[in-house]
Amino acid sequence: MKLTDLDETILTDVIKPRPQESYKGTFGKILLVGGNHQFGGAIMMATAAAVYSGTGLVTVACDPTNITALHTQLPEAMAIDFTDKAALTGMIKRVNTVVVGPGLGEEAASLRVLKNVFAATMADQTVVIDGSAITLLAREGLALPAGHLVFTPHQMEWQRLSEIEIKHQTPEANKAAQEKLGGIVVVKRHHSEIYTPTGDWRLPIGSAAQAVGGMGDTLAGLVGGFTAQFRDDRVKAVLAATYAHSAVADQLAEDQYVVLPHQISQALPAFMKKVSESGHGHQIGFNHEN
Amino acid sequence: MKLTDLDETILTDVIKPRPQESYKGTFGKILLVGGNHQFGGAIMMATAAAVYSGTGLVTVACDPTNITALHTQLPEAMAIDFTDKAALTGMIKRVNTVVVGPGLGEEAASLRVLKNVFAATMADQTVVIDGSAITLLAREGLALPAGHLVFTPHQMEWQRLSEIEIKHQTPEANKAAQEKLGGIVVVKRHHSEIYTPTGDWRLPIGSAAQAVGGMGDTLAGLVGGFTAQFRDDRVKAVLAATYAHSAVADQLAEDQYVVLPHQISQALPAFMKKVSESGHGHQIGFNHEN
Amino acid sequence: MKLTDLDETILTDVIKPRPQESYKGTFGKILLVGGNHQFGGAIMMATAAAVYSGTGLVTVACDPTNITALHTQLPEAMAIDFTDKAALTGMIKRVNTVVVGPGLGEEAASLRVLKNVFAATMADQTVVIDGSAITLLAREGLALPAGHLVFTPHQMEWQRLSEIEIKHQTPEANKAAQEKLGGIVVVKRHHSEIYTPTGDWRLPIGSAAQAVGGMGDTLAGLVGGFTAQFRDDRVKAVLAATYAHSAVADQLAEDQYVVLPHQISQALPAFMKKVSESGHGHQIGFNHEN
Amino acid sequence: MKLTDLDETILTDVIKPRPQESYKGTFGKILLVGGNHQFGGAIMMATAAAVYSGTGLVTVACDPTNITALHTQLPEAMAIDFTDKAALTGMIKRVNTVVVGPGLGEEAASLRVLKNVFAATMADQTVVIDGSAITLLAREGLALPAGHLVFTPHQMEWQRLSEIEIKHQTPEANKAAQEKLGGIVVVKRHHSEIYTPTGDWRLPIGSAAQAVGGMGDTLAGLVGGFTAQFRDDRVKAVLAATYAHSAVADQLAEDQYVVLPHQISQALPAFMKKVSESGHGHQIGFNHEN
C-alpha cells in the first residue's frame, strides 16, 4: 500500500478569500480543552494556532491557574474552568469543533474532564482528540464520543490507541486500525501520515527544526481551527492544516535552527493571505520563492 | 432613507497635531469597566485601543483575576476591582469617558457592576455602552444613565435593545430606534452604520479579515479613547474612531488573512501620526498608497 | 533668572563606552520601591527604564500581586514584597540608588512602606523620590531621609511639596524652594526644569506625544538607572537621564502620534550605543539624522 | 600555565545540521531547577536559553508563583512545583541534563530542594550546578551528586567553592581546584575560563555590554541545553555553549549599549542556523561579516 504525497494544492483548495458578507460566526466556533496545572503551555500553543488561523470565536477550558498566562498572550480567547461541568457542557453545545487533549494530563482530574467532554459532544461536531486524551482513551478503554472524530497521535500515542508497536506501524496496519476506529487519523511523525475514509496521505515536507516540545499541540490547534472555519470538507480541512503547519515551519527553518511552536502560529495570517491570493489549484511555490 | 458614506476626511477633521503646551490631562481620562472571570481578554483589547490611541490616563475596573494579564501587556493602564463600589464610583467622577461592557458578562455580579456604573455617571460625560452591558440593559429594562450615550451593539445586541429583528434592521427602522433611545448608535456589522442626532452614516470600508472575536471590544475602546481625547465634537470623534478602526484593519489585511484586534491597537500610533500630518480635509489615500 | 537650555552634549559627557574590565557590580545596583495593588504598571515602567539603561542589578520592592507581571516582562529584575520590612531594609543596604514612589499609592500601607524606606537609606546613596512618595512626604510632613536626594515631581506634586502654586512656579520661586529643600529637583512639565546645587537647566526638547500616563514613572526609573550606573557626577547623570528620555521620545514621535513609556525603555540600548560612539562633546544630531 | 584561546571552530564542531530522521527525544530532555519566590526571573532566563537553543523537551521545577510568568513567555516549557519531591525525583529520572541553581535562593527551602536534586541524579546524566546551588554546596559542605558535573560559578561563587580568593584565582590554582573537584568548571568573568579533564580554555570574546543581571543564568541554561542536545562530547558542548553565548552577545552589542539576557536567547535560532550551514572547521566570521 502506497500513501499519496500531499502537495500544496491542498492549501489553495481550502484557504480561499473570505466572503465579504460575513461575521465572526461565519468563521466557526471552537472549544479547546486541556492545560492542567503542569502543562499550561500546551493549551496556550494549541489555542494560538486556532486564534491566528482566524477561527471566529475561540474558547478554552483549562485549569484556572493557566488563565492569566493565556489571556496575556491571547486576549482574543475566552476561558472557563475545565472542572466546571455545567460551563464545559454548555460551551460544547455552542461550537463547531472541540479539541481535547493538549496538556490535559493523565491524572484522575484529567480523566473526569475527558469523560465530561465525551458525554457532551454532538454528532454534527468535529472532535479532535490529541495528546493525553488519546493516552487516557486507550488506557481506560473509553467508548468513543459522538462527533466526527479526528485523532492526532504521535507514534507512541498511536501505539497505545491502535495497539500497533511503532516498528510495525506500516501504512497497511495503520489503515486497518483507522478503519476499525473510524474517523480521521493523523499520525504525527517525520513525514506525518493521514488516514481518512476518502484517501490516505503522506506529508512530504517538514524538517527536524520542528522536533521540539509543543509542535504537536500546535498542530492539534490548527486542525481544530481549520475544521471549525473551513466546513465544506472535513478531510480537506485536516489535510490543509497538516500541510500548512509544516509549510510555515519550513519557511521559518530557512533562517532558524529550530522553529518554536508559537512562531508558526504567529506566521499564519501572512501565510494564509498568500495562499488565498494564489487561486485554486495553482502551485504557489512557498519553499522556493520566499 | 439613504445613509451617507463616511470618507477619510473624517480622520483629518478629528486627528490633528497635538498642541505643544499640554499635559496628560489635556488628552483625556477614561475608565473602562468589564472583564469578568471568563472574558478578561475583552477588557484588555478595549483598553489597548484606548492606550495606543493616546488617551492621557487610562483606568480599568475589572475582576481582579484579570489585573496581572492587563498590567503585563498594558502597564500604562491603572486597575481597580470592579466590585469595589466606592473605588468605581470615585473613579467615574474623575474621567471624561466611561466605557462599560467589554467582557462584563451577564451574570448577577455583572448586573450589580452595571447598575453601580449607571448610578454614578454624570451629565457631561461620554458613556459608551457595549457588549454585555447592552444585553443587560435590554434584558433588565434599566433606565438609561446620565451622560452623552454612545451605544456600540452588534446586530444581535441591537435587536435586543431596539426590538428590531436583524432582518428588519433597515436604516429607517434603525434611525427611529436611535431617535427614541437618544444618543449615538453604532451598529457593528459588515459596513457598520452610525446613527447620530446630526446625521447618519455608513462605513464603506472594512473586510472579512476583521470577523474575529474581540474586534468589537477594540472598537468600543477606540470610541472611548477618541471621545475622551478629542472633545470638540462627540459625533465626529465617534465617526473617526469607527473609520480609523477599519482603515487600520484594511491596511493590515493587505498582508494578512485575518487581523487580530491587538494588532489594530498597536498600529494606531503610526496611523494617527500620518493622519495628523496630512492636514485638514485632504484625501490621504491610505488604502492606495501604503 | 534664566535657566540654561540643556543640549545633547550632556549625553556624550555621561554615556561613555563601558570599560572592558568590568562586571555587573561595576554598573550599579538599584532598588525601586512602589507598585501597590492598583498601580502595578507604574513600577513596571520605572523598572523597565532601569533595566534597559543597563543598570547592573535591578531589584523591585512592590505589592506581591505585581510580581508575576513584572517577571513576565522583565525577568532581569528581582522582586521582594514591599511590606517585608527586613527584606526591604536589607536590600537598601546593598544598592547605590533607591527610587521610591512610582505607583506607591497614598494609603496607609503606602505610607508605612515609605517610612521604612526613609528610615533605611544611607548618606552615600542616591535616593530618587517620585510620584506618590512626594505627595505623602508633603502631606505627612515627613523628615527627609539620608542620602543624596533627587525629587522628580510633576507640577501638582511640586505644588504640594514646595507650596508654590502652579501659576507661581517661576524659575526664581522654584530655585528658592530647591535650595531650601536641598538635593536636585526635576520639575516634570512641558520643557522640564532641573534645579541643582551646581546650576539650573531647562529641557528644550520633548513633545506632546509624551503626554500619556506612565511617562513620569519611566523618567524616575531612568534617573535611578543613570545615577546608579554613572556615578562620577550625580548632577550630570540626572541631566543626561532627563535629556535622553525626551530625545528617545522625540525620535519615536517622528513616526508616532503618541509614544508609550515602554517603547522609550526598549529603545534605550540602541540610543545609548550611538551616544557612546559619538565621542565626548560632539553634537550627535539625533533629531536630524535619524 | 597558559590557557588556550577558544575560537569559533568550536561552534561548527558542535552545531551541525539536524538529522532528518528524528523526533523531539533526539534533541534531549532537560530539567531546570530554581526560581524561588524572589528570583523567578532567573529561572525564566535560564529556561529561555534551553528552549531557544532547541532542546527537545524542557521542564522547569520552581516555586509555583513563577509558573504563570514562565508559561506566558515560554509556553514550550512544562512546569512542576520544586517542593513536590516525588514529581521532582520522577522528572530527574527522565532527562539527559539537570540544571540546578538559577534563582534557587539560599534559604532553608532552597537547601531542601537542592538536597532532593542531589539525591536523585544519576551517573549518566549531565548535572549543571549554578548560582545559589554553588553557594549552598560550599556553605553546607554537601557531598557531590552523581552525574557528569558542570559548575558555572562567577568569581565570588568560585571563591566559595574552591576557597581560592578572587585575587588568587590564577589558571594554576583554578586548574588544581577543578581537578580536585572533578567535572568541568566554567569560571564566569570577563573572558571566562573553562577547566575540563581534557583541556583548559579562555574565552577571548564578550564585552562589558553583557555585564547585567541574568547573564549568568542564561549561560547556565545554554550549557544545559547544549549538553542535553549535543551528546557526543560533553566538554565540547560546554565550550560551544560558552562561546555561542558571548558570540551572540557581541553581535547584539554592535548596535546596543547593553545586551539583555532574553535577547541572547531569542537570537539563538538564527545564529545556530548560520553556524550549522558553515560546515565543520570553517571560520564563520560572525563578528566581521554580520
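Per-chain residue numbering starts at 1, and chain names A, B, C and D are given in the order in which the chains are listed.
Keep in mind that, in the parts below, a residue touches a chain if its C-beta (ideal position, glycine included) is under 8 Å from a C-beta of that chain, and two chains touch if they have at least 3 such contacts.
All of these numbers come straight from a predicted model, not from anything done at the bench.
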item	value
Most distant chain from chain A by Cα centroid	C
Size of the rotation, in steps of 5 degrees, that lays the CA trace of chain B over chain C	90
Type of chain C:chain D copy interface by residue overlap (half), same or different	different
Where chain A and chain D are represented by their mean Cα positions, the distance between them in whole Å	34
Distance from the mean Cα position of chain C to that of chain A, given in whole angstrom	48
Sequence positions of chain B contacting 2 or more other chains	68-69, 72
Contact footprint of chain D on chain C as seen in their complex	15, 18-24, 26-27, 51-58, 67-69, 71-72, 74-80, 268-273, 275-276
Interface residues, chain C side, partner chain B - complex	38-42, 44-45, 48, 65-66, 68-69, 72-73, 154-155, 189-190, 207-209, 211-215, 253, 255-262
